[in-house]
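Letters A, B and C mark the chains in the order given here, with residues in each chain numbered from 1 onward.
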Amino acid sequence: MSSSRDRIFATLRAGLKHTVDDPARPAAVAERIASHPRNLLPQRAQLPHAEQVALFTAKVEALTVTVDSVAGVADVPGRIADYLARHNLPSRLRVAPDPLLQSLPWSERPMLQIDYGGGRSQDLVSVTPAFAAIAETGTLMLQSSSTTPTTLHFVPDHHIVVLKESQVTGTLEEAFQRLRDKLAKSDKDWVENWPRTVNFVTGPSRTADIEGVPVLGAHGPRRLHIVLIADGA
Amino acid sequence: MSSIDSKPRVALFVTCLVDLFRPSVGFATLKLLEDAGCVVSVPEAQVCCGQPAYNSGDRKDTVAIARQVIEAFEDYDYVVAPSGSCGGMIKDHYPALFAAEPDWQRRAEDLSARMFELTSFLVDVLKADPVAAKLEAKVTYHDSCSGLRELGVKAQPRALLGSVEGVELVEMQTPETCCGFGGTFCVKYGEVSTDIVTRKTADIAGTGADMLLAGDMGCLLNMAGRLKREGSSIQVRHVAEVLAGMTDMPAIGESK
Amino acid sequence: MSMEVTAQNFEANAAKALRDPNLRKAMGIISGPMASRRVETARELPEFEALRDEGVKIKNHVLQHIDLYLEKFEQQLTARGGKLHWCRTPREARETVLALCRSRDAKIVTKGKSMVTEEIGLNDFLLEHGITPVETDLGEYIIQLAHEPPSHIIGPALHKTREQIADLFEEHHPDYELNGKKAGTRSTEPQVLVTEARSVLRDTYFRADVGITGANFLIAETGATVIVTNEGNGDLTQSLPKMHIAVSSIEKVIPTLEDLSTILRVLARSATGQEMSCYTTLSCGPKRAEDIDGPEEFHVVLVDNGRSEMLGTALQPLLRCIRCGACMNNCPVYHSVGGHAYGWVYPGPIGAALDPHMIGLETARHLPNASTFCGKCEEVCPMRIPLPDIMRHWRELAHEQQITPPLQRWGIEAWAFAAKHPWLYRLGARVAIAALKLLGKDKGRIASLPLASGWTDGRDFPAPQSADTFMSQYKKRSH
């Protein structure tokens, strides 16, 4: 008896009828994968970079995300401390062990308790970097890695993302290309280094499962806050 | 009146429901076409477009009926029906019935190209002058599904109504939502159909209009049936009657 | 919980639904705000219609090369350390999932939303074998507590009122405490109920041995599965336990990340009227050696369940479906009867077109008939699936195979016979309208017609204007 795999493929190939042995088919597939052409891109985010940043900010704010723009990395710990104070939160942070975040001058805010690692049930506030941000829809792109545990994006009640303006792109396609470029190593194709998880986050967790009423904070973060570091900093 | 030099020869496709339930719509259509400068014939060989068989899954009979219709209307410049539903059947669905018979398919496509719903024919093809009718009424217009989605009938009846002196058009919240008629659906799933038309009549009543118009007898019979059951005084008429100034006979479902 | 087939009882199901006040309230939400949000967000993207065309093009391209893209997906998934399990039947898929759970000695599994797991009846099967599945999508969690199937593919519990949900919570977590205080009389505020579900499920995410999700897409280029959610439950489900199983179906494969980007632009807009759902997550293999979190094992259970047979047939366009729910959100019949009346996993127009293939035409024969053919579903379908044409295809098969009840079949054939013989038609018509005219008396309408009680139970039947047809009057005038 042939395997289920064989039987499924046999049925599919029967359904393709006379086209099944067309040599153009494998070539078309290989070509599409190799060149991964872009389809139609909406005009909305085809903008100069400064306007993309403004569009991104407007888009996330419309989703109840708060954005704190800062002049440089040195300002980040203070602004995070202010956020905690504003929301009456304890001064304990679960932080991704990411080089940028580890290099922040946390010691200038001695009240903050910094703790590096993945998300645990007791964590109330996480701080993470992002890989990119997409202006078209106000979407953050985050990835798993040795320094960016993805559980921090979902477990805590408050998710604070530290983002540089230079990370803002127009579209999903541009963000994907940035990741491909970053992963491409001389000895390896980008795909071999593709991360376990890529998260696109567009606003805080929400549900409308009870009578269609929108409620924030279903299972993931109730609040999403972005500290946006100006370019050139 | 028409911008076309020689008078177009137009065949009227009466449709079953107009033939049986509301001959006045047929006469109103004749008048509108003639006023717009057409030479109109009513081929006697016509019966039905075959849609009831088509939508009931009886393809064999549909094809046989379609052949009859194609033959009956072969010799005219245009074929016009006071219905988006029958018009859509002939214009949109006939060619696909003959996928395996190239000769018949060509004839079906030829008919398809000459087939029009009444208001669309007046506005899009004849680019006819405003109608000469008068009616003091607040009306609302229901977009019948086939006319709207298969033939793009939406602006044309409204444009024509806009030229009727005294008519004020008030739109429903959802004029494009189905009335629940659905051909044999309205009897096979009568309770569901009644529920759908009850949402429709609530929308109609909410406009405050005193007359409901549409371009398809099926929808009109359905909505009139529900409005009258609800005791509504809203008059229900085919749009052709208003455009032709033929509103002296009782409205649908009424006796005076 | 898994779905008992009641599609054969559509008429009775519909009659019951029409008398359910809670369902009617819920349908108001779907036909009102949900349908109008789609229109508004679509309007804000000038390229929306063109993007629909792009989506159709992508899916059609995939279907012409589906065997090759599936092979590519398998190859990439395997290279990233994932494991692919091909399952032809629901039974095979259930058993595969069970064996995987047992390999982890699983007692509790968390579940993200997945229509394919409904299709294969996974929950009941796991329960029968001593494993407790916990649905974590709020809507799925509510109907799991109520022992009901979903009534909508993206809003599974929209038929439940807040009061019913509060009662379910009272019954199932009587000891729930909010801020250290016992809840007492439960609030029916959605915000409070959401908070309760959140805190009750929180612990379960961390205790679960296995997390099961669906997948909206499979990306051939990278070997990743994609889930699209709003609550974040799917991500907690797949990132906390040691094993992640994604249960999906073969038609979900797409070529590249660019193709994903395009389809995402139409998916959320069509589904909920959002520009993007809150969370779109690509998962690819198990956690890497250097990763801090993520599952140690990643399995994709790929279900066929008759889909491969649809290729190259009139049903092929259904394989483009991205399960957004726009067809049901905009269907007048669905607005009247809700999802349960359809009697199987997929309700509404997509169900009417798909279910006859999956559960048999004889069982599902009502579904493709219970449509007015208004065409709204095709108008809103982001993948432009010709749903009415496919429903008509089923009507044709039912007629051919004599599944349509004899009376209806003979009725239409008798009518067609007359339509093919104009003299007979005119004679019959004259007799019929003369009779109806008589019945209409002086009122112009008829209150009761025993042979058409489906009409006259809820509507008057307008009488013919005259006892003479148009054709006959016209003939008299022109002579």
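Points worth noting:
Following the convention adopted for this analysis, contacts are C-beta pairs under 8 Å (C-beta built on N, C-alpha and C of every residue); 3 or more make two chains touch, one makes a residue touch a chain.
Computed from a predicted structure; not experimentally measured.
If the chains shown are joined wherever they touch, the resulting network is a simple chain of contacts running from one end to the other without closing. Chains joined by the most contact pairs: A-C.
Rounded to whole angstrom units, the spacing between the C-alpha centres of subunit A and subunit B is 53. Centroids built from CA atoms put subunit C at 33 Å from subunit B. Rounded to whole angstrom units, the spacing between the C-alpha centres of subunit A and subunit C is 29. For subunit B, no residue reaches two or more other chains under the stated contact definition. Residues 11, 14-15, 18, 332-333, 335-337, 369-376, 378-379, 392, 394-400, 404, 408-409, 412-413, 415-420, 422, 425, 429, 432-433, 440, 442-445, 452-455, 457-466, 468-471, 473-475 of subunit C touch subunit B in their complex. Chain contact summary for the complex, subunit C toward subunit A: residues 25-26, 29-30, 33-34, 45-47, 50-51, 54, 57-58, 61, 64-70, 72, 76, 79-80, 86-88, 92, 136-139, 142, 155-158, 160-162, 165, 190-191, 193-195, 197-198, 201-203, 206, 220-224, 230-233, 235-236, 239-240, 250, 255-262, 264-265, 272, 274-288, 290-294, 304, 308-313, 316. Within the complex, the subunit B residues that touch subunit C are 14, 16, 18-24, 26-27, 42, 44-48, 50, 52-59, 61-62, 64-65, 68, 145-146, 149-150, 176-178, 180-199, 221-222, 224-226, 228-229, 249-250, 252-256. Those residues of subunit A that touch subunit C in the shared complex are 3-5, 7-9, 11-17, 19-20, 25-26, 28-29, 32-33, 36-40, 42-44, 59, 97, 117-119, 121, 136-139, 144-151, 153-155, 171-173, 176, 191-192, 194-213, 215, 217-221.
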